[in-house]
Each structure stands twice: as structure tokens, then as C-alpha cells.
């Protein structure tokens, strides 16, 4: 059982950084330049881990990133990787979709305590922006997930994947997929909604005091977290993955779509992004809910 | 103390600031209740240094006043010295000077586009526009020997003649830019997020715009047709026909459209300059004893239209070879203080970087 | 333009640049009149030149029209002993910052402008820097130190002068020696006075031995 | 002391021998660590002087320094490298010192242009410092009155090389070891409290 | 007349009351009013164990009066006026409902009440009157006018009692009457639908009002209105799992509010400040208080490892089983925005920079404040790890009310076959991973350096001065009013509604005042008309 968990974790870490490296390369090619090597974000995290010193504002600041990382790792472990359910199922039999959705919020809230404790007003502003944006992001995503749960008569991800054997949910519930994809963009922090750590506006928000090892942990947890969200979207709407290659293909397709949207559009302000999220995708999700 | 406002700095070390200056903000939540601009981080005491230098020594230092766009400084300095000493420069030198001015305006607009789109998180536009600006800087390097600081416009004409086939390469670059500008429209000017963010933010009230002495895009952005090249023409601008793009709306979006129009106008002017440039004519009017060139005991005020507005020079000579006084007034002095501190009240914190970019505030002009 | 010429005598300096000189006493109602009655109603710049020989500041208010095509230079002279004058902030809001700049650079007081705090310099306890009596070179040598090991690259002119004198002295020495040898051969005296080697003329002196001569310093 | 070319040659040879000694005395892990920290560098977003106008072309598509793993970050805590681009006025020097002290070790400083070496074009200005190394530890000088983008990239490559070989003593170690010398210089110039301080000469509007 | 009966439902609510009162006994309290508290305790016991309507009404009245006197010690006149008007109104509607029930079924004792013969019009009248009472007591939206002021202005100890126990009497009465007495089949479903949506609207509006609050106790008052709103919504679903969810959430909410109110009381006791804009930066001065508050807000927000999540999880599964998608969407909306005011509570008091410089001068918190907090925290953590432990008790209540019990699969698992989760694995995995990363972090050779002083933060190159306010407590959540939908929600204020109602009552009393000052014979005429109506009612 523990070997399964370990493999899942290592795969999430590896794929997360690979995709982040790919993101930097693809957006570099869109900009018209050769981006860094694929493993660049891996080098960044190793360098940050092995720095000599990093400023520490007290035990709560020390615990903040750790809670954030454990939140991200828990999210990954509770999502089954494959839909045939024998290997790499992780802890999903003990939890269900609602538990996973709440784990996605546990990490940022834990980090909020750490960021609040060092007293930098930019950190507090970044956290408030994160929580306000979360308000807008959660509505469409949760309504879409509620629709799926009601349609499949169960909240267990395994059964939802099993029910998609012949038609994927993306075809069965297209409206729910659209709403979920828009807020999925926000969860990944892509451009229209990346208001949380906007360097030009809030001096890089929550990560303002993260030095050396804290920044390293923040980067690696965000890699794991983004892979977990990709995986969740694949499991819910693209019928889960049959084999490792199928997993890579599906997550990559979703990932590339979010990258291109991120590269073209600028950034909304917090109020505009939540306003948009509460209007367009939420209405689509509610209409989709009625058709379930 | 039970103050509900928190004080933050949009400070010198900040990715969202245009140059090395800082704006001190009092915030209620993320709404700005009080703003105060701090400058002085780039003060080198130009005017003190110029008083110790002769004309040719001051010439090398003058172009280093404003970094994104050095050419209006050189043009002002040259015309001020020529005005004081009563030197008349040849027709060909005037055309070359107009060409240099318009090329530097194009480069400055493209740099602005990078800054403006960067302030709202659009990475791609900044990369493309700075690439095109670099092509223009290559032409400058070929003409003057320096990428950004050209030290080319010298009192009495220009320092060197055009290299072989320079005008041909310039027109090729203009064709390339003409093909590229529609691409910028689709990714930046008509971009949905830019429109949603830019329309209605940072509005300049039209009635007090002229009275408070605003210049450049700020005026043309709120529907007042003012351009020094047309109103107070210098060099050969009266012989060239170009129009001035004006949009009323007074907000960040109309100022962006004004700049978009100006890029097309600059290309049109450069085309006419290439066509009408006289083939021969002395490009350099030799100054008498130029190393010890003495200025008469007089003062003069000259101004040119830079990419951000009217750039004014007051210069006074005192009969010796040293310049008695040279005072620089850039457009950002008024935009950065009276306009910015009033406009940021009740504005959102996330729009500060965008507004400062759209006003084109460049701190070295303010504190020299 | 016409009612301006009626009240004040206007000289045309350059095409589209006019000039009016006023005394300090009737400066305020001149500005008031020009900015309200005539077409020059916007202030573009306040320039100030320090004429230390004639013991006064020459203040120039550069006003411009709404059409931005003509400029008027309103000149007035002000004493150099930190005098103050009325602030035009009420007429032109943008003057507040320009006056703050002049106050810091020249020490001119402006009544009616409370925000005359430091504009560009931070914790500056010296003379206002743009006044002519403030010597920037002395300030630099007092506060900053240049990179060592460059003492020998004195000012080129000074160095050439010194070398020429050396050569002349050398020639004079040679001539004196020939002279002495000639006299010596003529008189065939026995003992010969030995000249002391007074001055090491080897160009390549090492730095620390060389005394810090005064003339090398202010040659800059 | 031999004169001329021979002296120069011997001195160079002894230097190289010395670095050779240091290079192969490092353990394998330390070598790997240095290799990683050379591969990825975070530059703090602070354009102190006129050289900052040459940073955008370097960081964007024409000269693209991201190929070498160099990325701009917002705060000094996250950064490894600070670029002091050109002259540095007294007011900026206070902020530069504070930013430098807030960066986490190992931190490096790249000083652009001749203004940071010996005063450059503003040698007689009352408000700019003449030698940057008196106030903070500097690792790499890039010459040029505003060095070209290629020169800036060359500076980065040379810095990466020296980090990888870990031969010369980095600036932050010098800064940490004889901090009294730097502190004395700073105090001589900037007065007792060298931290930037802004007085409120006016009644700041406080809507409480 | 006064006959009592021990029921499973009564036992549970009385157990909660005992726990709360015992733990609050230890808290130092300036207003030692033992008589009023014992009177209140007796009235609560009388309500929970009453077996007929009259004793229930008597207990209800005594509870109303005793809490009125307890609030009167510290509240101002206007709050007291609001409190007494609403509570008397609630009591009168209860009296009216009891009279109608007696008219319909001829008896007061619960067991003898049989509504099969009663015409549906009368049943709806009874239900509406009873719903009014329960809305007033639990603070559902239009009737919450008195709740926030009386919670925040009563002394700190009593506001904990108010929010933990007295708001639960509404829930108890709802279960007692609608589940036990008027069983499901006689109730009209549209009324329940309206009750459900009213409960959700209450929680949404109360949540956004809470985010805008600057006072800690008012924020907690709004948050308790929101949480009770959830309970009323889930109760109106009338299913077995939904009843269990409601009971679970009642237990969790009692202990969360006990923990939070006493925590804030400790801070107010020590620092004499109760606004976020004057508090802040007390983290390293009162670390134990901070950790307890964090446990409180994690369960208030319903985050996985702790108890709050179990009740939230049951609420969601109950709504999912009944296929009420839209209702669940609204509940999700309000619980998503609950994170903001939870973070504001912890940030405003403990995190951030201290606003007033003399935080060192604050004395130590007396140990007796920690007794109720530790009790609450222990219960929340145990309900987080072994959520299923109190399910058999709930099944007992379900049986007594006539519903079939919910699936019980051991102590660790909670939830129905639709969706269930294992609390032990969740908190175990979280703890294990946390410890593993902590070990990895400590083993790193990366030396952690302490900042020079409190102001050594990266502040764009500048130095914040000591007397500059850097505490974001007041400003947090101010930006929400820029969002269209939330601005519309926040602009609704019940103040205007109740002004109009009070003016209406004003002119009504004007008419009646004219009525009484009539001449003699008109007065006789009126009395005669009154008796005829009463006789007609009685006869029919």
C-alpha cells in the first residue's frame, strides 16, 4: 500500500515539474524565443532547497508551507490514477469527491496562517485575493461536480469513472464540462484569473516572504497540486486513464489548452474575475444541472 | 492608534513601477485613499554638472537625461545652442534630424506597449514589441554607433552622414512594421481583457486638462487636438503632412489608441522623409573654435514633442564657454505629481501599474 | 496678444517666443493679469538662473497658450539671500512641484506653498546644491574616494607642462655642465665641484614616494 | 619584481594553479550543488540606474536570458542576484543596501557600467557614489557606458562559471566577514541610520 | 399539567446544555448572577423534557425572561427593546399555535395529539405560527434583527451561552413538533420548500455581512445565524439522513461557538479591545489561544481533518440523495465564502502586525478561560478522527421519532451508501504527511535566519516606520462590495424593513388607542362583538 502511495507521489512530482517546464517552453515559443530546458523548474527547486540561509519568521511561518504541501499531497493521494482500479488507487476507497474538493482548499488556508504570521501587508492582501477568487472559482466547479454526482448516484470517483465506460462525461454533460474548465483555468492560476500572486499589483502576494527552502516547498507543492487538478478533471470528464500512456496523453491535452488561453489573455482584477465567474460559468453550470 | 488605512509603497524595488520611483499609498482594503509620489532615486545633478562643462562636453551628458527616449534631449540641446548662437543648419541636416526623432518615437512607443501589457500580465505582447524595438535599435546603432544613447544630433547639424544604403534598410523595416501592427491590434488593442481593464480606468477630466498644463497623450486621449509638431512646428515638420490621432474618453484605453495611431503616423512621416530628403548638402555646420565655443549672454526656451509629450529646455549662456544654466522640464513632472496623485484617489490598487504606464511617467525626467 | 502689449512692453526674442520683464513688487498682479486676461494662461515651466556676479537670481516663468503655439517668458530678478516670493500655486496647480524643486535647489521661499519638503535629495544638510557657491568637486573629494592606483593619470595638460619644464631644466643642466667642463678645462683647476643629484627625473616613480603636490590636484 | 610580460604571465599561471587546486578539492555533492545553483538564477526586479533599459531586451525574445535559467522575481527574499545597473544615487544606495541585506545567501551582485567602478560619467556629481564595492560586496563588473545586452549575458555566463567552479571568494562572504568595514563606509556617507527613512513633514491624511 | 418524559431527543439537547454550563462555570465573569443562570438552566431542562405543550410554553417564557435579564446587565436600551419585542412576539405565536392545536385535537399531551382528522387549512395555520416562533428564536433572515446586537452586547460569557444553546432551542422545537407531533404526511411540501430556501438565503446574507464586520463578536453572531440557517435548511428536507445531518451539525456548532466565543472573550478580557482594527499580532504572545482558535475556525469552515467536515459532509450527502441540486449549490456558495470570515477572525486578532504598541503590557490569560476551549477542541478533534461514534445515539433519536436508522459501519466511517469517508484515515494521513515533511524540512542544511526586528519585512525597498499601521484587519473583505452580486446582497438591510413595521404598529396602536377612549356605549358594543367571535370559534 505504501509503495503505491510513494509511486503516486513521485509520479505527481515528476509530471508536475515536467508540465511546468513544458509550460515555460510552450509560452517561450509563443513569445518567439527558445525557452529554458524542460527540467528548469526542477533545477530551480533543487537550488532553492540547497540555499545556505532562508529567513524564518517563527514556528507558525515554518508550519504554513508544510500544511500547504501536505494539503496538496493529500489531494493527489485521494484521487485514483487509473479507472480499472487495481493499481495506484491510493487512499480513494477511504474518501470520496467531497473530501478531495475540501482538501484542495485545506492547503491554501493552511498557507494563509503561515503567510499571515509574518505581518507583511502584501501577504495578507494576496491571501484575501486568493480567498475572494476561490469564492468565484468554487461555484461553477462545485455545481458541475454536484451535477455529476447526482447523475452517477454516487460521490466515489471510482464509480463516476466506471459509469463513463461508453460515453465520456464531456459528451454526456457538455455544459458542466465548460463551466468546470473555466474555473479549472483559475485553479491552475492561468492568466485571466491569476490575480493571487500578481507581481505587478501585490508584490507577488502570498509568496512575498518565502525565501530558500520555503519557496522551494511552495514551488514543488504547486507542481503536485496542478497535476492533481489535471488528474481530477481527467477522471471526472474524460473517463479516467486506462494505461499510463493514456494518462499522459489526456492530462497533456487538457494542460496545453489551459496554457494557450493563459498566454493570450491579460489579468482581470479580483472583483472583475469573481464577477465574471459568478455570472457566466455559474449560469452555464446551473443550466447543465437542470438537464442532469 | 485605531487607523483603518494601511500604508504600503508601490516602491522603488517593485516589478510594477515604471523606472526607479515610488508611490506611497494609504489603502482602505484595496481602494487607495491617499497617494504621494516620491522621486529622487535617480538624481545625478545634471544642471550642476552642465554648468561646469563646455558645450561639447555637455553634449555627451545631455542625452543621458531620459533613458527610454534620449533623442528629444539631444534635439532640444542642439536647437537651444543654435538659437542662442544664431546658427542656421542645412536642409538635409533638418531632414535627418526629423528622421532620428521619428525613429526614436517609434522605438519608445513599442517599449511603452511592452510596459503597458506587462502591467496587466500579458506576457506575449511585451516579448513581440521589444523584439521589434530591437530591430529599430540596430538601425540606430548603424547610423550613430550607439543602441540607446546616440549622441548624434550636434549643435550645427548631425555628427555623421547616412551610411551606404541606410534609407533602403529603413524602408524595409517600415514595411515589416506595417505588416506587424495589425497583429498587435488583434493581440493587444482589441484584446477582451485589456478592454475590460482599460476602459473607464484612470480618467483625465477634460475641462482642467489644458489649464493644468497636461501634454502629449493625456491631452490627445481626452479629445483635445494638441501636438507641438503641428502647433509650434520646428525643423521641417511644417513641410510634412501627417494628422494627429485624437480619441475622447480620457481613460487608459483611449490613450492606448492614440499611441497606436501615432505609430502609424510616424511610419507615414518616415516614408515622406525618405522620399523628400535632399541628396546633398552639408550635414555638419562647423562651430567656430568648437572646443572653446562661447555662448552669448542670452536665454532661450525650446520644446520638442517627445513620445510622452512636450519636452522643454530653458538655456542661458553667459559669454564664457561654460553654459550658465540649462533647465529641463519633462512631461512626467506634471503627469507624475499633480495628475497622478489626484487620479489615484478611490482607484483600485491593481490599476496603479497600468495607469502609471499609460501616463508614460519616466522618473529621470522629473528629477534629472 | 494685443491687450498684453497694451499693458506690458513685450519684446520678441525668437519667432513665437516673447519676453516680458517685471519687478518683484508688481510680479503678482502681472501674473494674475496675464493668466486671466491674455491668451497665455498655462504655466509650462519655472526656470531660475543664478547670476552670482550680479548678486541675483533670474526667475523666468514660461507661460504658454491653450493652443500651445506661442510661449511667453515672464522674467523677474530676486535677491540671493534666501528671499521668498508669493506662490502661484493657486493659479496653476502644477506650480506646486516646480516651486518645491526650486526651493530645494536654490533655497527660494514661496509663501502659500506648504508642501516645500524635500523633493529630490534625502537628508541633505549642505547648501542648496544648484547655487553657484556650492562647489560640487569639493563635496565629491570630501565624501567619496576614487579607486586607488590611478594617481599618475593627472590632467594631460598639466603633465605635458611639467615634462616640458623637466626637459628645459635638463638642457639647462647639460649646458651648465658643458659650461663648467669648459671652464674647468680652461682653468685646469684640480678639484671639481660635484653637483648633487637633486631631482629624480626618472618618469617611472612609484606612487607612494611621490609627494602629493598641490598643483597636480587642482589642475582638473 | 620582473617587469613587462613575464611578470604578468607568472602571476596568471599561479592564479590558475590556485584555482585548479580549489576546483578538484570540492566533494562530489558540493560540485553537484554548485552545478544546480549555477543552472538557475533569480534576479530581483530592481532597475536602479540607466542600465535598466537594457534589461528588458535581455529578458525578452531577442536576447532571451531564460535559456540560461535566469528569471526575474519580485522580492529580495526569493532572489539570488541583484543587478546594480549604472550609477547609484545616495537615496537609491540606501534601498540597494536594504534589498541586498534582505536577500538570502548565497547572493551575488552584478554591477553594470563604469559608474559603479570609479564614478564613470558622473565623477563630479554630488549625489552619486563613485565605488560600489565600498558599500556592498560586488561579484561581477560589466564594463560599458550602458553595457550592451550581449555584454550583460557574458556577465551572467562568467558568473555562472565562477559559481560552478567556486574559485573566487564571493561578495557576500566578504560582506559578511568584514561587515565593520562596509558598515563604516556606509555610515561615513549616509549618516548614522543607513536604513532609508522618509519623514512625514506634512500631516499625512489619516482617515481613521 | 406539569408532566415530563425522558426522551432520546431531550437527553441529547440536555446533555449539550449540561456540558456547556459546566464548562462555562469555570470562566471568570464579572457579573456573577447565579440565580438567573440557574433559572435559565431550569427552563431549558423544562423545555427539553416537557411532554405536553403547556410546560413547553412555560419553559419557553421563563427562558425568554431570564436571558432578557442576563442581557440587560450590559446591553443598551435599543438592543434590549429589539430583544424583548421579538421574543414576546415569538412567545405569542407559540401560544396561538398551542391554542389552535388544543382546538383541533382536544389535548395538550404529545402522545394524544392526532392530526389525521384535522382539516389541512388548520394544520397549515398551526405550522405557520410555529415556524414564526422557530424563525425568531433561531434568527432566520427577516427575524434576525435582534440577534446580532444582543449577542454582541451581552457580556462575553452569556453571548457564548446564547449562541451555543439558546439558538438550539429553536432547532429542538422544530424537530419535536414537525417530526414527532405533526408527522411528515400532514405537512404541505411547498411550506417546507420555502423554509429551506429561507434558511439558505439567511446563511448567504449572514456570511457576507460577517465578512464586512470589524467587531469580533458581531462577526461570530452573524456566523452563528448562518450556521443555524444550514440546520434549518437541512431539517426542512424531512429525510432520515437529513435529520441526522442536522443533529450532527447542532452538536458541532455548539462546541465550535463555545470555543470561539470564549476565545474572543479571553482576548477581550486581556486587551480590552474587541475590534480587528485595534487588535493584531498577538500570535506569539498567546500561542495556545491561537492554536485553539485555529482548531475552532477549521471546524467552523468545515475543513477535512476536524469535526466540522463530518457535519458538512452529511449535509451535502443528504441534499445529494434528495437530488436537490440548486439548494446544494446555494449551500456551497455560502460555505465557500465562509472561509473569508474564518480567516478574518484569526488574522484580525492574532496574525499581522500589532496595531497598538503596548501589546507587551497585556497580562497573561487566566488558565480558567482554557477549560471550555479545551473541552470544545477535544470534542471537535475526536469527532474529526472517529466521526461515527455518535451515530448510534442519533439512530436512537431517529427511532424515537419514527424514522429508520442510518447505516452504521463502525466508529471511523461516516455517511450513507451514496458517499462515505473514513475519518481515521483522513486525519492519520494528514498527520503522517505533515510529520514527514517536517522531518525533511528540519534535516535540510538550510540555516534559517531570524529577521532583525518586527519591521524587517520586504516592503519594496522602503522601511515601514513603527507608528505606521500595517494591520490589514479592517480592510480585509472590503473589496467584496465591488462584485456585482455581492453588492446587491449586502445592500439589503433589514433595518429599513423593521422601521416600516414599527411605524405600521405605531398607527395601529393609534387606532386602538382611539378604540379604548370611546364613550361608554361604544365600548360595550365592542366587547359584545369580541365575545361573539370567541364563542363562534369555540363552538366550531
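Order as written gives the chain letters A, B, C, D and E; numbering starts at 1 within each chain.
Assume a contact is a pair of C-beta atoms (placed from the backbone, for glycine too) under 8 Å apart; a residue touches a chain by one contact, two chains touch by 3 or more.
Note that the structure is predicted; figures quoted are calculated from it, not measured.
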Separation of subunit E from subunit B in steps, with touching chains one step apart: 1
Reaching subunit E from subunit C through chains that touch each other, fewest steps: 2
Selected pair, greater C-beta contact count between A-D and D-E: A-D
Central chain (distance from its CA mean to the mean of all protein CA atoms): A
CA centroid of subunit A to CA centroid of subunit E, Å: 34
Separation of subunit B from subunit C, taking each centre as the mean of its C-alpha atoms, in whole Å: 28
Per-residue overlap in subunit A, given as positions that touch at least 2 other chains: 31-33, 50-55, 121, 125, 199, 203-204, 208-209, 212, 270-271
For subunit E, residues that touch 2 or more chains besides their own: 449, 458-462, 470-472, 476-477, 479, 482
Touching two or more other chains - residues of subunit D: 45-46, 60-62, 74-77, 91, 95, 99, 102, 104, 124-127, 196-198
Touching pairs - complete list by chain label: A-B, A-D, A-E, B-C, B-D, B-E, C-D, D-E
Contacting residues of subunit B [partner subunit D, same complex]: 1-5, 7, 11-15, 19-20, 24, 26, 28, 33-34, 38, 40-45, 48-49, 52, 60-61, 64, 67-68, 111, 114, 126-128, 130-131, 133-134, 137, 147-149, 364
Subunit D residues touching subunit A - in the complex, by the definition given at the top: 33, 36-37, 39-40, 42, 45, 60-62, 64, 66-69, 71, 73-75, 77-78, 80, 102, 104-106
Subunit D-facing residues of subunit C, complex: 114-115, 117-118, 121-123, 126, 129, 134, 136-137, 139-140, 143-147, 150
Residue ranges of subunit D touching subunit B (in the complex, touch as defined): 44-50, 52-54, 56-57, 60-62, 72, 74, 76, 87, 89, 91-92, 95, 99, 121-122, 124-128, 145-146, 148, 198, 204-208
Subunit C partner contacts - residues on subunit D that touch it in the complex: 90-91, 94, 117-119, 123-127, 129-131, 134, 188-191, 196-199, 201-202
